[in-house]
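Structure record follows, encoded as structure tokens.
A, B and C label the chains in the order they appear, each numbered from 1.
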């Protein structure tokens, strides 16, 4: 499937399937009998997670397990915040994530625009090399990348998480494809109007690229927020951990306190879940375009 | 002076200069953290190194050692089993769910959101949830299976069941992605084609088999390829849920190479595994695309 | 304001094809010059070279006496109107108009003054707060014009600015363009494939084909004395009838018709006559046998398609997919324009009178006009 097709598909997915019927009578379709079990299987684990996070330790040890909230022990959440440097991890992750989102938006816009519209020496070769890095699995490069980051003295700092992820081949590729769909006459008109290349990018092209930039921002956010393997390799000091890594260590330390563990993870999921509900169409567009899953 | 100013501006605004000025920050980052590591990794795979003391060249020794390594063989077998289960379940399951979701029903948005949400749940949260759902003593799964007379199962803690538990968990987390892609493709099927088939007297199942399924061919091929690549790169779930265990029951190549490089200090050998895995992925992808080309009919 | 010169300008996008082949052209200060020709003839390329959006492969371009080959579009002080208007979708009309001035750091009061002035000329006052998506096609066209006007440039470059308008609006805007040019007197280069625009708007017309100039001249000159077969076939609607003929011994022989001829002999010629020069033959003058096929009454005139004995000649300006109305045997399709009173019926056999001085002759080998 060509990338153009993929992007068209993504557009359609973002539009969403056929709308709900408007008004009218309630017609019970037998399809509900198919969809209800599917939806239940997908959602139940998450629901049970939330329920468990509100139970006392004793209740979590109860068999058969309870699917209705038997208590509202909100204290679990405050306990977690006290027992682990949760706020610290949260801030770390936020810093890393926002830096990566900002970096990708800026650097991928600049490079994507250059690859889309400016004819410069070595453009084709550079672009092919960038695309090549998309095809190689991360595991292949993980050891040398670690060595490079170590030689930059970034190991065990947030810089190790930020610097390598400030720009990505995916973002460049996606924005380039998008920029090429904009009418080139707009940019020519702006050139004649006296705008520089930078002026064209920031005053004409980027204001017209809202959906593409939002998709890139949302995907970068999800990917960085949920990343696990790279922080695992580069961060050792609990004070510098991201939330995913911190929770993995927290899990080790609190094998038995299921309710606290669940409370911690509910909190860690909140930002991405909130973003998902507010920016669902960009998530779907991004996911369908790329196949990236955190 | 005016002429000189114009000359300087011309030089600065030349497309070559501007182009590289725009591209270079991103290109530099990708070269340093993407391209150089690819080459370096290839070099590492011909070396003996523990990442700390100086490396020395060993030629093909790392690659020669691979076939004699039972743990590598086990990892590859586990990876194969996992892929053979994960790909059909997530692709076929995604297709059926998408077909069910692709109709104007009351509450369809709720169903859709329910199916999509696991896609954005992080791996570690997924693992935590399933460790709890699959908990042998207090888990929901054993209780529900017990109601229909099955189990109890040990899931992640049994050497027979751990890999299958990982399959179930990853299908749950991944299927929403396939649904999104299939839904998009379903929206793209022209209504006239379905209507023409209806007029020709085809039933619902006939339309699905003779119209919908062939038209989804290219998307199915894409999903099979993409799911396979991701299946072969499995790591996070194994590391977090079973840590390769019980014993070595869930060792897969990436997990093994992680252990070797970052806990065993055998980076050269690990790099060789990474390249072999890359080659396997590449060959499998090419084979899938070639077979798919014969089976898939693209729209004219 | 300034004159624009192109000297031996060639532009190649690939090795073997020249989009523009050795073009030399001078546009006088304040002149309204039309570049006209079929698509792919190089007219838009010529315009984009003057704008600085493309660089010439060889040759020189000068605006106001200064060679601008290496000058950026920004510093050429020209304004351009694009075929699809290229209005900035995310800006209001006001900001669209002001953008070029802001980029040049024009003082704010000056920007305001010029925007007011241009919007008064074009009747945009009520639209300044709207965005392009909220405008009709004609309004967008005016904004595009306005964006060029506010710049008060040395030259206007217009690339088929009316082609996206419907027929009625196009006639209106054509007149408006002429009015604006008469009022401001700014050097204007106007690209079109529409010969009516070319004839009505231009001080001079440049007819182009395959990257080369075919003829330069005042509209009436180009119409009355096409220099070659291409121009003859391209300018005029319906196009000139072109038939194969021979000229020898002081006459031109065409089917059963002999026309007196005083010029040099040429073995093979194309004989051309405009549809409006053909009339139902009344008196005993020279005439052509004619069978009516299709009659198109237009109200003020009647277009009559039919055949005559002979062989049609291709001018090279025909539309690619043009289908000859009749191509059987030795008969050629020709078209005549009659007064409404003379409207014939399909199937009529009649004779068409020809005015000898209105006949055009072209050498079939060189394709150039002969004599006169």
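General remarks:
By definition in this document, a residue touches a chain if its C-beta (ideal position, glycine included) is under 8 Å from a C-beta of that chain, and two chains touch if they have at least 3 such contacts.
All values derive from a computational prediction rather than experimental measurement.
Across every pairing of chains, the maximum count of C-beta contacts belongs to A-B.
When chain centres are defined as mean Cα coordinates, B lies farthest from chain C.
Put simply, the chain nearest the middle, going by average C-alpha positions, is A.
If each chain is reduced to the centroid of its CA atoms, chain A and chain B end up 16 Å from each other.
For the pair chain B and chain C, the distance between mean C-alpha positions equals 59 Å. Centre-to-centre separation between chain A and chain C, using Cα means, comes to 56 Å.
Those residues of chain B in touch with two or more other chains are numbered 13.
In chain A, the residues that touch at least two other chains are 196. Chain C has residues 72 in contact with two or more other chains.
Listing the residues of chain A that touch chain B in their complex gives 1, 5-6, 8-13, 15-21, 26-27, 29, 31-32, 34-35, 38-39, 41-46, 48-49, 52, 60-65, 67, 107-108, 110-111, 113-115, 118-123, 126, 129-130, 132-133, 136-149, 163-164, 166-169, 172, 196-197, 201, 222, 225-226, 228-229, 232-233, 244, 247-248, 251, 258, 261-262, 265, 268-269, 272-273, 275-277, 280, 283-284, 287-288, 291, 293-294. Taken in their complex, chain C has these residues touching chain A: 51-53, 72-74, 78-80, 82-84, 86-90, 99-100, 103-104, 147, 151. Taken in their complex, chain B has these residues touching chain A: 13, 15-20, 22-23, 25-27, 29-38, 40-41, 44, 51, 97, 100-125, 128-130, 132-133, 135, 137-140, 143, 172-177, 180-181, 183-188, 218-219, 221-222, 226, 229-230, 233, 235-236, 239-240, 254, 257-258, 261-262, 267, 270-271, 274-275, 277-278, 281.
Chain A makes touch with chain C in their complex at residues 183, 185-186, 188-196, 199, 203-204, 207-208.
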